[in-house]
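Look for chain A in each of the two complexes below; its partner is chain B in the first and chain C in the second.
Coming up: the complex of A and B.
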């Protein structure tokens, strides 16, 4: 199935200063990113059989809690395999971040 | 016909009733009033008036109590407190002399219970930038408990420069005639007294510190992702875990200092909460090992940093903050990471961990970037 790839940029579509894990902890949280942007776009990409490209460049940095809540949360909801099949990450500023996110996706525990 | 002194009334006799007082106006009014008082509506009105009067009396008494408390407090404030001198450790450095600094903190806390504090820094040699954050945390503590804290500056030039240029002076009142030189450091804080929703997690403060550091190091404003991550995780840990039970959020202090000689920016993060080990709920197995002495605080800290202990929340995906800091240090993205919490001291770069003889009630993080 070949379809147009969907794109999502954290810096342009969300914030240049990613924040804490939960909405209750502060602004631009991982939870807000997951619920407001990442999940809807991922669902679109997944249902149309394409990939969602997430551009992680251009921000001030990523607290690990933000990344885990966003991407680990996505994997807990949709499953590790499905997320890895339909998600592509780009980070030229600090390439180690993509490994970190992949690790969180693999380690995400599905709710029982 | 004889005139009599009295005359018998010639009016006909009227039948006598219960409230019959004759024809007088007074008797009519009294009769009416009595009928009103005993009726249900009047009783209800009287009861309501009694209630509101009782409430007004209670308000008045409460107000009087508050006024007298304020008066007593004002009188108490006017009573002068003695000022006691507390000697700072000669090596005023949390990273090189944690035992000395912990003892200093304890001395200040004990002294501040009943007296003002004067911190004697004159003899200090080998002060490091993290000490400025410690001093400010002590100033904050004294302010909270209602005593004054003052002090002098080190005589040794290098230590004096660190104290004056670290950003410490922008948080305290300096002696008249003091002239500030160009700052090599910044100190930011989140304090109970200025708690707002917007600065509970302050990515703006983290950004400001990192931009200051990179500007000093490279001449241009840049991002530093590892430091942003460490600062963010440190703030989160403090906000979620450091507070004592029943207390509002714990204040924290973050500082950055540009060490021109070593060409490094030195970051410090400090809170005086309960510390990692008092807030962390260990698994039953680890708790047992700790109880029987098979696991000491230093070993626990090592396990926490290496990600071998699950998060105290037991929620999936949690507990990555400290392990990510450790990994960043091992990968060389940050340097010289030190962690002090309760009785444990950890040097992540050299993988050295030891138990302190005194306990630090709080968490201290230190790292550098080049």
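Coming up: the complex of A and C.
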């Protein structure tokens, strides 16, 4: 299963400067990340029974709105349990980012 | 303190002299010094010295740990001061520029890194995070991050958002102060 894992790097595949929550608010938004990259790759991983590894390293900081829109949005669409089953996070740059993302996945609610 | 001790010492010496004179004059007490008593006295003094050494050593190690922990807390204070400066543009009625956004995120990351250093230091000296309620500082840190970079980031920040930021800064500072006192008093 580890060999078949899909991978997604925010820094390499999206941007080193993640932006705001929505596309209308600026570039490299959480909404753009979710719709253009995260969701398609998550669906592939989920349907093939593997995990999607999201590498959060190499980025100059994550706004909370970006994380909540991307990962909270994923959980709102697919459910917390399914997301946690098929998603793996790695980040060595920021010590608490994976805890924060996991928190957003758990408390996914309707958008504000 | 020296002024209190000096009369006490004088009184103690006078009391000792009076006691000895009293017993010599009024009591039929004979006293001699044998080897067993002398050995007992020396052993007692030796044990007292050992206990004093062990207590002093433990006390000074704990003091050193406390000082090191408080140094890490000081680093967090420095980082939060820097974040406060970088958060000033949130009070303008304009959206943050790209540079202001990056500076804010960078400063916020530095706060997280210094808080993590406190956590690592607590683990290193085997201090209990639960006893110090370290989780409350984490909660305050998350709330501060959300106040700054959740919607309506990157701005403009309305009145309630700016108030949320102010409250979050205060809550974090209060928790940091509480942790510092808790470390000092453990």
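Convention: the second predicted complex is superposed on the first by the 106 of 112 C-alpha atoms of A that agree within 3 Å, B and C clash if a C-alpha of one lies under 4 Å from a C-alpha of the other, contacts with A are read in each partner's own complex, and residues count from 1 in each chain.
What we mean here is this: a contact is a pair of C-beta atoms (placed from the backbone, for glycine too) under 8 Å apart; a residue touches a chain by one contact, two chains touch by 3 or more.
Quick caveat: nothing in here was measured; it's all calculated off a predicted structure.
With chain A as the common reference for superposition, the partners chain B and chain C occupy clashing space. In the overlay built on the shared chain, the residue A:26 is in contact with chain B and with chain C.
Taking chain A as the reference, the larger set of touched residues comes from B, when chain B and chain C are compared. In the superposed pair of complexes, A:107 makes contact with chain B only, with no contact to chain C. Applying the stated contact rule after C-alpha superposition, one finds that A:94 touches each of chain B and chain C. Contacts of A:36 after superposition on the shared chain: neither chain B nor chain C is touched.
Legend: residue contacts after superposition of the two complexes on their common chain; A:17 is shown touching both chain B and chain C.
Touch criterion not met for A:81: it reaches neither chain B nor chain C. By the touch criterion defined above, A:63 lies against chain B and chain C together after alignment on the C-alpha atoms of chain A.
Comparing the listed stretches 37-45, 145-153, 199-207 or 307-315 of chain B against chain C after superposition, the clashing one is 199-207. Residues 17, 19-21, 25-26, 60-66, 68, 93-94, 96, 100 of chain A lie in contact with chain B in one complex and with chain C in the other. Residues 198, 200-204, 206-207, 210, 223-229, 232-233, 235-236, 239-240, 316-318, 320-321, 324, 331, 333 of chain B touch chain A in their complex. Across the complex, chain A meets chain C through its residues 17, 19-21, 25-26, 60-66, 68, 93-96, 100, 103, 112. Against chain A, in their complex, chain C makes its touches with residues 98, 101-102, 105-106, 108-109, 112-113, 115-116, 119, 138, 141-142, 145-146, 148-151, 153-154. Interface residues of chain A, counted against chain B in their complex, comprise 17-21, 25-28, 59-66, 68-69, 72-73, 76, 93-94, 96-97, 100, 104, 107-109, 111.
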